[in-house]
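Next come two complexes, and both contain chain A; in the first it sits with chain B, in the second with chain C.
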Partner chain A sequence: MPVLQLTDICIDFPTTKGVVHAVSKLNLTIEPGRRVGFIGESGSGKTTTALSVMRMLAGSGHVSSGTIRLGADETDVLALSDEEMRKTRLKRVSYIPQGAMNSLNPIMRIEHQLWDAIIAHEGKVARDELKRRSDEALESVGLSGHTGRLYPHELSGGMKQRVCIALGVILRPELIIADEPTSALDVVTQRQVMQTLKDVQSGIGSALILIGHDMGLMAQSVDELAVLKNGELVEIGSVRQIIEDPQHPYTQQLISSVPLVGGESFLDDTVGAPPIKRSDSGHPLMEFQGVRKDYGDVTAVHPMSFKLDGEKPKIISIVGQSGSGKSTMGGIMLGFTPPSQGKVMFEGQDVYRMGPSATLEFRKNVQAVFQDPYACFNPFYRVNHALKFPYKRFGLAESDAQVEAKMAEACEAVGLDPAIVLHRFPHELSGGQRQRLIVARALMLSPKLLIADEPVSMVDASLRATILKNIYDLKDRYGISILYITHDLATAYHVSDYVIVLFHGRVAEAGPPKQVIGDPQHPYTRMLIDAIPWPDLKRPWGADPAEDARRMEEVRGHTETIFRGEVPGFELSTGGEMRMAAE
Partner chain B sequence: MFGIPRSYLFNRFVTFLLTVWIAATLIWIIPRLSPVDPAEVMLGRMASGGAFVEGSEQILQSLRERFGLNDPLVIQYFKYMWAVVTFDFGVSVASFPTPVWTLIAQALPWTLGLMILSLIITFIIGNALGAFMVWERTPRPWKVVIPSLMIFTSIPPILSGLLLMYIFSVKLRWFPLTGSYGLTVTPGWNWDFIASVLTHGFLPALSIVVVTFGFWTLGMRGLMISVQGEDYVNLAKAKGLKPRYILYKYMVRNAILPQVTAFALKIGLLVSGQILVERIFSYNGMGKLLYDAILDQDFAVIQGVSFIIILMTALSVLIVDMLYPLIDPRIRHQAEAA
Partner chain C sequence: MAEVSAQTQAPEGEAKGRFNRFDNPWLNPKLLWGIGILLGIVLLGLIGRMLWNTELVFTGSTPLRLPPVGFENLRGQPGEAAFPLGTDGAGRDLLALLIIGAPNTLMIGAVASLIGMTTGIILGFSAGFIGGRTDDVIRILSDVMITIPPLLILVVFQSVYGDVSLLLMAFLIAGFMWQSPTRLIRAQVLSMRESGYVKMAQLSGASTAHIMFREMLPNLIPYLFGSFIANVTTAIVTAVGLEVLGLGPQRIPTLGRVIYDAINSGALIQNLWWWWGLPTALLAVMFIALLLINLGLDEISNPRLRKI
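After this line comes the complex of A and B, so read on.
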């Protein structure tokens, strides 16, 4: 008997502007113990469909027709009373949320959050029994019983996600719904957490719905794959059949849009306009002179020096896991995080010792694109304010008409229609549109250097290529040098001229991407690359904790930087040598 | 202490002392910017009988001498600081020669009793209503009734006081009209006195509760809405927890944290009382004391009362700072990191 049968499900969201049909006429059956992936971009209805099984649709959303039958007894989920539905949640269908960062109550200890779940379904349970079961659940996801005594803020992102998995399996449900459980984690942690999820799920024999938009992760994690688009199921089948022989053009597009290391470039190199000669000062554009950054006893960035000249624009990628120091480097370059040691020079001037007018000039010349396209706009203003304001502030505006023309030009450069987007409020735009506007905003100021910190990690996979293309175009068309900070080696492979791999604040490996990522030599780079899930069933991906620990040991032992060749106009060295030479 | 690092406690205590010191200095400076000479005010009061005061110049001089107004400012300041530390605020000009501290000591318990009681009632009612305004399981009629109660918030307390007085004291005669306790009872721990105090305090307290609960309700409503959207509330639902448990342990418990800080700040402010409420009910608290002192240009009393207000505010903030790590584990963590 199937665990779940969805028959002709339609889900509607009534709004003031009429009814939105989020899901229409969807049919799906899940057999016990099977792992089924729901793939599609935001708004495709994948999360909505899964949540309807728990009757947890947001706001006014409701199932307008169809039936949902759960388990061998074919419980009609939609006919349950509120109290019966409450008892079904977690006991029969559990949910592992996407944002594990904020999914735990900040004022309760971890184990109390496991206990209250048990008590809500089983009534009074002896304390010893609760403790035994919570420790057992935590151990099943690779956490020690001691973790139970901690508060959520004392845990790392990966640990919180594991706690959420422990919670999802503690009552041994028939069906687990995991909503992008690893999207906030870096590749190495993602692989470990995914492995844990698969292990505990097959251990208790429940079925799993895995929601996501990463084709590679899906290929490596599920048995069956359902492809959704605009609330419709466009294709369903075994993962092998979908990956190797996709039928629907949308599925084909999803698979082909995944940037692969060594794969075909998604960039269009035909732009080929001659780069504009930008640097006129004779000084390097950006220079680190023996820069080091400490936070208390922890060294976030070990001493390093580099010189990036502005003669010919380049894209330098800085890659690494969370905590590798890559964002700290970005902050140092932007003038936000003073280094503990060494100097940061922009066109020959010390960034941290500039006068007010030089600072203003520096701010104009060095622009940033950050990770979260939601947090970058003031929700109070229409988006054109975010574009107009810095432009006027830097004294570039000549007339209102000129500002409008400039905004329109910048929007078109990133592939947006200015007439449609500029007069909207941030909440009326999609994440992808917002992120492209942020790129347009930076572009308007014609900076010399752009620091892009994880610019695409929060947008849908299908949009990543487009936004990266926009950023890439800035280099050739507008002569802007870019520092691309990311954990995604595949995109770094395609866009960059030079790659720096950081591990715990040290440069592990550096050089042109074809060498560093295409043929990694450092054990850490290799580890990162092996952790990437490929949409290719022939490449094994599963994690073995013992093997991972052994490799980590090897990585720690290898503190020497491996240099893999040079590119003209960029020099990198570690330690304090260049600083000595400069003084 | 309860796992809170000593440096955190020490920092809070130093902040407390600094606040009190700066505030005490300010309330010393501000009245000295006023052009009014308190000695002349006092003389004026003597002359208010209509008669000419014999040797007014000498009297002025001796008054100035008596209140130390002839000393250099620095000396006055240090004398003042010493006085503040010993709670010696001098003598009242209006109720000469009663020491200010005696006046405050008489008024403070009344205000603390009345105001803290009404604040606690308001805090509980206000936050509960705010939480129910947001909770999805609140019965529908409540969702209509609660927002319409907000209309009371727009009434000034003086009006609500007069209205309640008219209905309950004049028309229904359930409660006495004014005063802190009946004239016929003997103050002390006897039942008649306690009953009298309670009946006299009821209307002033009610008039404050009625008009101030909206502050907590609206604040709580905003906090609850943002907490309601938190992932952990969503996950609590997915865990199949009971709705009332989610309301208390996941929503209210998190939303209330900023309200607790506001509560501490209010404690300090309410020492000055709802000045006008105390005035119309002739309630002998700090509010009335301050009101009369301002009318009489009675600097010593104004300073004394102001200092007590600041001390109470700083003290309650200090207490909340000490308690906060216990109700919010994240603070304990930050304190350790600092």
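After this line comes the complex of A and C, so read on.
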């Protein structure tokens, strides 16, 4: 008997602008013990479908037609009373939310939150029994019973996510819905958490719905895959069939948009205009002289020096997990975060000791693309404000007509229609459109150096390749040097000329991407690459905690930087103090 | 979601025009009703002064204790058309009292709140943007001030001072109106300072003044309006409270003053309901109007609250 049968499900959201059909005519059956993935971009209805099973649709959303039958007794979920529904949630269907970081009550101990779940469904239970069961649940997700006595803020992101999984399985439900359970975690932790989830799920024999947009992660985690687009189920089948022989063009696009290390490049190698010589001062474009950054007792960036000359534009990638100090480096280069030690030079001038006019010149030449395309536009203004204002401020504007023409040109260069996009408010645009506008802004100002801090991590997978391509074009066609900060080694492999792998603020490995990522020597780089989920079923991906711990030890013991070859125009060295003393 | 974006992207002139008209968040029914009612009260004061004899607010200018038209008082006297809302125990015409009193009460609230808000904006921005020692001083000062019950201080102050003018009273109340806007704006400025668009503006070479007033302040407008209206309500409550205790201006009619007189002359026992009831009802209408404005502004600044 199937655990879940969805028959002709339609979900509508009435809004002021008419009814939005979030999901239409969806049919799906899930057998016990199976793992089913829902994949699609944001707005495709994957979360909505899953939430309808728990009758937890947001706001005005409702199932307008169709039936949802749960479990062997074929309970009609839509016909249950509110009280019956409350009892069904968690007991029969549990939900592991996206961003577990914010899903735990910050003022309650972990075990009390687990106890709450039991008490809400079983009434009064003896304390010893509660304690035994919560410890058991925590152990099943690889946490010690001691964790139960802690508060959420005392746990790391990965641990919190495990607690959420423990909460989801404590009542042994028939169906677990996991909504992008690892989206906020880095690749290494993601692999461990996914392994935990799979182990627990097969341990209690329940079915699992895994929602996500990462084809690689899906390929490594589920048995069956449902591809959704605009609220419609476009393809469903076993994961092997979908990966090896996708039928629908959208599925094919999803699979081909996953960048692979060593695989075929998604970039168009036909270079347009030849790179322009832009540096004229004889000084390197950007230089770190023994830069070190401390936050209290923590060293975010260990002393390092580099010289980037602007003769020939290139892309330098800085990769690492969260907390590796890569964004701090970006902040230092932008003049936002003064270093604790050392100097940052831009064309021979100290960035942190510039007068007002030099600062303006520096701003004009060093621009950035940030991670969050939603926050980068002032909600009060139309989006063209973000393009027009700096253009005028830097004295590039000649007339209003020229500014308009320039904006239109920049929009077209990143594949946006200026007539549609420019005069809208930020909330009327999608994340991808906004991020492309920010790239257009950089293009319009044509700086000498662009710091791109995780430019695609918050954009749908299908758009990532396009935006990276736009950024890549900046180098090739407009001669802009780029520092690409990312946690995604696969994209770094394709776009960059030089890769720096950071671990806890230290350079672990550095060199051209073909060597560093294609053939990693440092244990940390190897660990990162092994943790990337690829849509390749033959590649082993599962994590073994003991093995991971052993490798982590190895990484910690290996603090020496491994240099893997040179690239003309870029020099890197670590341990800047000695260098400074010699000068 | 996909459908909506498809719809909005279609450049259909007619559909777009319709959207714009209905989509303007400022045409919020709650906001419009609230503003309408308040304007009505102000107009009552302005037009009333032209059409009605305001001399009737003085003691003994009319017969005593007449009920409104269509009612009888305990002595069996019917209401007279010359005094449509009745008269009080000292021979003052209630309509004239309301015409003069209601705008006075509103004015105290508006002036006190305006002064409080201006102080709050300046202090809040200084604290949030400059930070450091300035922030400490402003924060501690407003935190301490917020714990002092305003009515207590005002009662002491007014009983020592004796008769006060309307404006002086507004100033006194304003002294207790700046703390919460200061804290609110400081918190907003602190969170906005870290936001992406402020970083973007810094990257664009914007000056501090530009960031404060062109990038941050516009986004605060709904908060400022909301906070202003809430403060008007608080100021009116405080003012009426003082007046009902007999501590307001002695010679200028206000709604609170009318209620004070009514209570003092035993209007409740003598069933002279119009004497205390009408000013109270007018105050209630005023508060409802302010509440509607506040709810409307809330919906404008927070689109998620808007009805489907």
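In this section, the second predicted complex is superposed on the first by the 577 of 583 C-alpha atoms of A that agree within 3 Å, B and C clash if a C-alpha of one lies under 4 Å from a C-alpha of the other, contacts with A are read in each partner's own complex, and residues count from 1 in each chain.
Here is the rule we go by: a residue touches a chain if its C-beta (ideal position, glycine included) is under 8 Å from a C-beta of that chain, and two chains touch if they have at least 3 such contacts.
Here the structure is a predicted model, which means the values were calculated and not measured.
Superposition of the two complexes onto chain A shows a clash between chain B and chain C.
Shared-chain residue A:A117: touches chain B; no touch with chain C. In the superposition on chain A, contact of A:L334 is made with chain C only, not with chain B.
Contact with chain B, but none with chain C, is seen for A:H153 once the two complexes are overlaid on the shared chain.
In the superposed model, A:T359 makes contact with chain C only, not with chain B. Of the two partner chains placed around the shared chain by superposition, chain C is the only one that A:A368 touches, whereas chain B remains out of contact.
Ranked by how many residues of chain A each touches, chain B and chain C are led by C.
By the touch criterion stated above, A:S94 is placed in contact with chain B alone, chain C being left untouched.
Once the two structures sit on top of each other via chain A, chain C runs into chain B at 147-155, and not at any other stretch of 57-65, 147-155 or 237-245.
Judged by the document's definition of touching, no chain A residue lies at the interface with chain B and also at the interface with chain C.
Chain A meets chain B in the complex at residues 54, 56, 86-91, 94-95, 97, 99, 101-108, 116-117, 120-121, 151, 153-154, 164, 167. Residues 14-18, 20-22, 42-44, 59-60, 230-231, 334, 336, 359-360, 363-364, 367-368, 370, 372, 374-381, 386, 389-390, 393-394, 420, 428, 430 of chain A are the ones touching chain C in the complex. The touching residues of chain C, counted against chain A in their complex, run 1-5, 7-9, 11, 19, 22-23, 195-197, 199-206, 215, 218-219, 306, 308. If you check the complex, the residues on chain B that touch chain A are 230-232, 234-243, 245, 249-250, 253-254, 327-330, 333.
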